[in-house]
Each structure stands twice: as C-alpha cells, then as structure tokens.
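I have a structure here, written as structure tokens, and I will follow up with some questions on it.
Going by the order they are written in, the chains are A, B, C and D; count residues from 1 in each one.
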Amino acid sequence: MIDKRVSSVAEAVADVFDGATVMIGGFGEAGSPIELIHALIDQGATNLTVVNNNTGSGEVGLAALIKAKRVANMICSYPRTSNSTVFPELYHNKEINLELVPQGTLAERIRAGGSGIPAFYTPTAVGTPLGEGKELRLFKGRNYVLEHGLTADFALIKGQTADQHGNIVYNKTARNFAPIMAMAGKVTISQAAQVVDLGELDPETIITPGIFVQRVVEVRNPALESTLVAAGETYP
Amino acid sequence: MKCKTRDEMAQRLAQDISDGAYVNLGIGIPELVTKYVPNGREFIYHTENGLLGMGPSPEEGKGDHELINAGKRQVTALPGAAYFHHADSFSMIRGGHLDLCVLGALQVASNGDLANWSTGVANAIPAVGGAMDLVAGVKSIYVLTQHCTKNGEPKLVDACTYPLTGCGVVNRIYTDLAVIEVTLKGFQLVELSDGVPYQYVQDRTGAPLLPIKE
Amino acid sequence: MIDKRVSSVAEAVADVFDGATVMIGGFGEAGSPIELIHALIDQGATNLTVVNNNTGSGEVGLAALIKAKRVANMICSYPRTSNSTVFPELYHNKEINLELVPQGTLAERIRAGGSGIPAFYTPTAVGTPLGEGKELRLFKGRNYVLEHGLTADFALIKGQTADQHGNIVYNKTARNFAPIMAMAGKVTISQAAQVVDLGELDPETIITPGIFVQRVVEVRNPALESTLVAAGETYP
Amino acid sequence: MKCKTRDEMAQRLAQDISDGAYVNLGIGIPELVTKYVPNGREFIYHTENGLLGMGPSPEEGKGDHELINAGKRQVTALPGAAYFHHADSFSMIRGGHLDLCVLGALQVASNGDLANWSTGVANAIPAVGGAMDLVAGVKSIYVLTQHCTKNGEPKLVDACTYPLTGCGVVNRIYTDLAVIEVTLKGFQLVELSDGVPYQYVQDRTGAPLLPIKE
C-alpha cells in the first residue's frame, strides 16, 4: 500500500540538510505552511536558500526562520510586506542575500524546473535593471530575456485536503505557488488540514496529482500568520 | 479650475474600459475603479495571486484569510469566478489574455517607459512583485496617478530617471489634470479636467504635450 | 452581462478564414469536438493549418475535414491511427504537409504559445531526426533543443460543462489538449454538453477559466467518433 | 532451453519494479506488466493522455469512450486517480517524476541508444507520439522485446541503423532470452532464461555481451 502520510511535521522535515534549497508555498499568509516552517526551525537546518514570494511577516513562520538566521539566500519577488521587519534588518546588515525575481518569471521558472525545461525566454524585465546581464534574444521583432528553470531539494506547501497518495486540493487563493512548487521540489512535503481516504477526492478536481508529492502530514487547525502576528506571537 | 479627486480620476478611467473586459488593478488608486463601473457594463477582475472574478471586500468577519488579492487584502469571489495557480495566472498576464492593467506610477516617459517599482535609493529594499510581468503582457496599460509628485515634480517626463518597470509599455495616463495618450510622437493630450488650461498642464509636464486634436 | 454563448455551431465557427491556423482538441476520439469540426466543413474555410495530436479516423470529424481538402498543413505527433485512411492517401499524394512534433513538445509549445513564452529548451528529440536542424544548447552538461511557442487563430475544443463566462470542466481523459489549446487560441470556441448558469461551477474545480474562451456553444449529445465510424458514417 | 514467453518476459520485468513506482507502459508487450505485479507491491500507472492511477479495462459495455489510455483503448481510473491536461502530463514525464517507462524496441544499441518509432522506410508516414519525451524524461527506461526480429536479426546492436528515439537512454533490456543491463562498457548480461546458454544469446546479439558478473 502506497502511503505517503507521516505522523508529525517534525518527521516530515527531518532530513532537510544544511545548504538545501527549500521552496515554501504561500502568497502573504494565504497558503503559508506555518507548522512545517516551525518544524524546520526546530530541526535546525541552516544556510538555506529559500524561495517564496515574500519574506514573511511578524516573527512567525518564514519571518521566524529568517530571524533564526537559517536563510542565507532569499529568492522572491516582493520582500517588503507590512509587518515585515526581520528581513530588512538582516538585509541591511548583509546577513542575507536577495535574488529579486519578477513574480511571473519566478512562477514560470518554478514551473519550468518541475517540467524538465532548463530555460525559456520571457518578455518580462527586458530593458529594466532586473533584465540586465541576461541574454537578450529577438523573436518576431520583440526582445526577450533568457531565464532558467528553478528546482529545489525540498518544497513545503499547505493543502486543504490530501490523501495517502499525495493528491491535494487547496483552499481558494492559498493555492498560489503550491502546485508548481510541488512539481519543482525533489522532496515535496505538504501539510493538509484534512487527510482523507483514497478515492474520496474526485479525480477530476485534484489540483496536485500525488506524483508530485512525497510526504503528507495532517495539521488539523493550521495557524494563520496574521492571527499570530496580531497576538504578538513569536517562534520559537 | 477643477482638478479631479482620486475618485474622479478612477471614475474617468472606468469610462474607457469596454464591457466584458478582463482587468487587473494595481494597489492604491487603481482599486477605486471598481466603484465606478459604468451602467450596463461588466468587468471581470483578475488578481495575480490566483483569482479571476474577484469581488469586493467581504463583510466584516465574513472573510477568509486565504481569499485575498495581490495587495493581500481579503476579497470575495463572484459567481463565475475561478481559482488557479501562479503559473497559470501569469500565463494569463504574459500571454496577452488580460485586456487592461491599471497601475500607479512614479514616472512615465513620453515614449511609454514606466517606472513604478523602485526609487533606486541605494539602501532601499527592492521589491517588484508582478508589475514587470503585467506591463510586459497585458494588452493595454493605463496609468492612474497624480500629475505631479507631492513635491510638485512632474511624473510625466522626457525620460525616466528611476529604474524602469518596462519599456514603451504605457498606453494612457489618467491624472487629476488630464487624460493623456502615449503616442509615437509623445504625450498627446486627450482631455483636460474641467477648466484646467492647457498651459497649466504643460507647465507641470516634463515633456512636450501635444494639444488636443481638433 | 457577459455572455459568451452562441446559439449554433455554425455561428460559432462563422469567421474562420482561409489560411487560418486552427487547433483542435482531442486525443483520438476523447475530447474531439466533432460537431464544431463538421460545422467548419460546412463553413468552407480552406488552406488551414491544423494542430491536433492525430489525424482523425474514418471519414468523420477531423478525418472528414482532411478528406474535404481543407487542411494544407497538419501539425501532430501521431498521424497514424487505426481506421485512418484519409490522411495517408493525401500525404502520399503530397496534398497535405506534415510537421511531426513529439507529443510532449507539442503540448509544451502550445502551452508556451498561450503563456507568452516565445521559445524554450527541451531535452526531447536531441540526437534524433526530429531534433535535426534545431538549435542545440548545453545546460549543466546536457544538450537541449530550442522549440518555439505555438499559437492559433482559432481553437476548437470540447468541454463537458461550461457557463456563460466560458469557464469549462471536462470529462476524464477528454481533457487532454483542450485547456492548453484554449490558452493558445486567439479565438477559442468550446462546445459543451451542458451550459449552466453562472455560479453553478465550483471556482475551485474549474479547469479552464473563462478568460481563455471566447465562445461557448451547447451540443447536448455530442457524437463519438468511434460510434460514427463503426456505423460507416461519413461527413458531409 | 526455455525461451520466455511474452507473459514471462513481462513477469520477469515486473519483479524489478519497486513498490510505489510511477510507471508508464508502452503499447503492446509492456501492457502485460500489469498482470504480474509482485505480491505486496503496488505500482501507479501513468498514461500520457492525462491520467495517473490507470486501472484495467472496464467490463464490457461499462466503459467511457473518453476514459482511454495512450493506446486509445478504454481503461478505468482507480481510487486515488487524477486527471490532468497534456502539458501537465508531459511535465511529469520530462520533469523526471516518473520512475519507469517500459517500451518496445526496433533496436537498442550497446550505448543505450533506442530506435522504436520509425523504420526509416522512405514512403512510411512517420509517427512518434510521446516516445521521445518518455525516453528523454523518465528516470529509468526498460525495454521489453523479443531478442531478435521475426527474421532472426538481432535487435540489440552495436549502433542503431533505424532513426533514433533517444541517445543513451535505455537502462535495461528484458527479452525472451535474457536480462541485459546497458552499462558504460556496453551490454552486460544480468540473467539468462532457463537453460539458455550464454553463447546462444551472444550469437543473437549484434554487439559484445559481457558475461554475468560472478
């Protein structure tokens, strides 16, 4: 019997190694796998390269991981967020590197990485500072820059409902980067509010087929970043 | 002379959006456009974090923390809405499927260059989000902005001094003073706000402003 | 009120022009929009470039369009099918051109075209006759070929259920090329067995968001290619 | 000497597939693998036209014309199955997410080159389907084939004379006579069918066959 369920978030992230590239789902708090991130803080891996659209807020979740100085490199499109003080401080102290990528290019690079496409051309950022130093090429009279696929050693995502084969459906705009990060992660780990029996998910409506997911862990009432931040919580 | 308020600017812009258009609204003044959909028209709003058919903010306490817009504010989903992932969302943007994007601006040049993501200050943390993808991919780019900065500097310039978001991408500019089309010949005045003289706008514009065509 | 419904398949394809590129959904008979294809035969447009995985079977649907000599160029991965006699005859008589594309490259080219990606690199076909003459490039020690995005003037697809905004869900493996062709078609026309009121489709389970679809036409009991072929039917 | 039947070949190959593997089976002999899943193991079948979790053929009259496999035969979907579109399906393939693909062959060269889509005959209609994507992307490629052609020609050769499907892609070959690994040194015999002498296989192989390692 194929069963990708693991019994705890600690077990789920146990083998994340120092220097690993880790994609973390979420756009703002929607889809942020906070419990997996907190488990990663407990686990201790350091010198990580993290891919996420933002840099977290307050001192929980991704922001807490950054505050704990586990993240050497941050690849994201929008590191500034309201309630984001952790990243700016480390950035100004040169304790964290930033690779700024336009959001659509970031999404496409992740999808390409998961799809075996090493590189592609995009019109985004041509003629801007973020296109500088990149190969330019004309197609039908228009300039495009070459961008490379992005993969990760681990992807941490948050689903709504999963099954033991790793099939996942999401909640509304919490979907965002999760399906493509699942594709790009060598080991994709999903927390889910509910893990159901095989066959309960309708095969027509599964968003992430299980082939992209290696581990599933049930986290019944996942915390919300904004609630924790409003309550002044920090982690650990 | 009656300079337009932010709401009036948004209302004026909304009149130029055709029925059935797929529209992405930037954060800030552009969001006001939703208040002024002309009678008999319907626009479908796209938010790049994965929703088409975005509706207004939910009633207090009735929202979902995971149903948000690109500005990370809670929104609703209208009948006919659809959720999708980020790669599909930017396929819509980059693939030219959206009709219109309304954005704010730091500067717009007379050749259509847009700067709206960074002031280039050495110590600032750069943050671009989806702006570069939007201007590269969406069919029409309308800028909705005050004509001048708070310090009275022109935002419409000969050449942008701030880092660019995209080259030659802006189609129209809606300000408190005027509606301006970006043409091959430069800024083309389309309309002046009530009682605003041409010269008043030209004086506040950092590049030649072609008078309204007769 | 946005309403993309049109009242007949004839109206749906009325503006297809001579020389147009037309993507047609389906893998074998699954997902083949037969009624739209038959309407296109009636409509008369000729000198078409057609993109489909196959070339149809018997003398109905795509095979009938080819037999009517409306198709000048065929872009597909697998032109041979059981019960496929129409294409071979025209091909041997040099009355139709064939561009043979590996199936995954075909799918990716269509998706790229619909996503504003003009070109990408893929490992598929490197060192084979189908990679010959294509630009080769090394990424991390492996060779890849450059492939170009593919768009179409029209895409004809078959959905299961649609609404007036053009949102679509499919039936099982009839999904195949339809969602990506919908993205790549300037004008995408979907027949659907059922067109429901706005809001009846769950926004979480919509496969093709309406932004990719310009016209929807209800075809209540769509014909199946194999049934027509077995009955010896021909069209017109 | 007991040459394996097609079923026995498939059964032998099935023993080398690990539990939980994601497997794509080519049309023909490879499809027989599903009959011989070893006790205690479970494989998940992928069909490139958009289904993961493919089950056996439906009972007569109970199938759906739009639930088919890559060979265009009706199949079923098992609990845990998922449907997806063609680009996603080939992301699975090209992105290295599938563990194994089992294919037939016209020729396999000792450097792992595979020819299985065209005999290169001038007048034939070429048709490639997903074969080139599968061999380029799937982690392991196992060839399941008769050792020789119907005319007795070796299918395992020094260099393919037919048009290639992929270069250096084949990992293992399962024939009626033997199991052979493709190594940097060429064909490495792993196992002989019952009572089949080494020399008998070498005589029917168009390239050197390294004897079984002690």
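We adopt the following convention: contacts are C-beta pairs under 8 Å (C-beta built on N, C-alpha and C of every residue); 3 or more make two chains touch, one makes a residue touch a chain.
Because the structure is predicted, anything quoted here is derived from the model rather than measured.
S.K.: Determine which of the two chain pairs, A-B or A-D, is joined by the larger number of C-beta pairs in contact.
M.R.: Contact tally favours A-B.
S.K.: Counting in whole Å, what is the centre-to-centre distance of subunit A and subunit C, each centre being its mean C-alpha position?
M.R.: So the centroids are 34 Å from each other.
S.K.: Hey, how far is the Cα centre of subunit A from the one of subunit B, in Å?
M.R.: 29
S.K.: Counting in whole Å, what is the centre-to-centre distance of subunit B and subunit C, each centre being its mean C-alpha position?
M.R.: 36
S.K.: At which residue positions does subunit B touch at least two other chains?
M.R.: 51, 77, 83-84, 87, 90, 93-94, 136-137
S.K.: Touching at least two other chains at once: which residues of subunit C meet that condition?
M.R.: As it turns out, subunit C has residues touching two or more other chains at 108, 111, 115-117, 122-123, 170, 172, 204.
S.K.: With touch defined as at the top, which chains are paired up in contact here?
M.R.: A-B, A-C, A-D, B-C, C-D
S.K.: Over in the complex, which subunit D residues touch subunit A? Could you list them?
M.R.: So the residues of subunit D in touch with subunit A come to 19-20, 22, 42, 44, 46, 51-53, 77, 79-84, 87-88, 90-98, 136-137.
S.K.: Would you mind writing out the residues of subunit A in touch with subunit C in their complex?
M.R.: 108, 112, 115-123, 137, 139-140, 142, 144, 148, 169-170, 172, 202, 204-205
S.K.: Using the touch rule from the top, collect the residues of subunit B that touch subunit A in their complex.
M.R.: 47-51, 64-68, 72, 77, 83-87, 89-90, 93-94, 118, 123, 125-133, 136-137, 163-167
S.K.: For subunit A, which residues count as touching subunit D in their complex?
M.R.: 1-2, 111, 113-117, 163-165, 167, 183, 198-199, 201, 203-204, 206, 209-212
S.K.: Which of the residues in subunit A come into contact with subunit B in the complex?
M.R.: It is residues 27-31, 77-82, 87-88, 91-92, 98, 100-108, 110-111, 122-130, 170-180, 207, 224, 226-227 of subunit A that touch subunit B.
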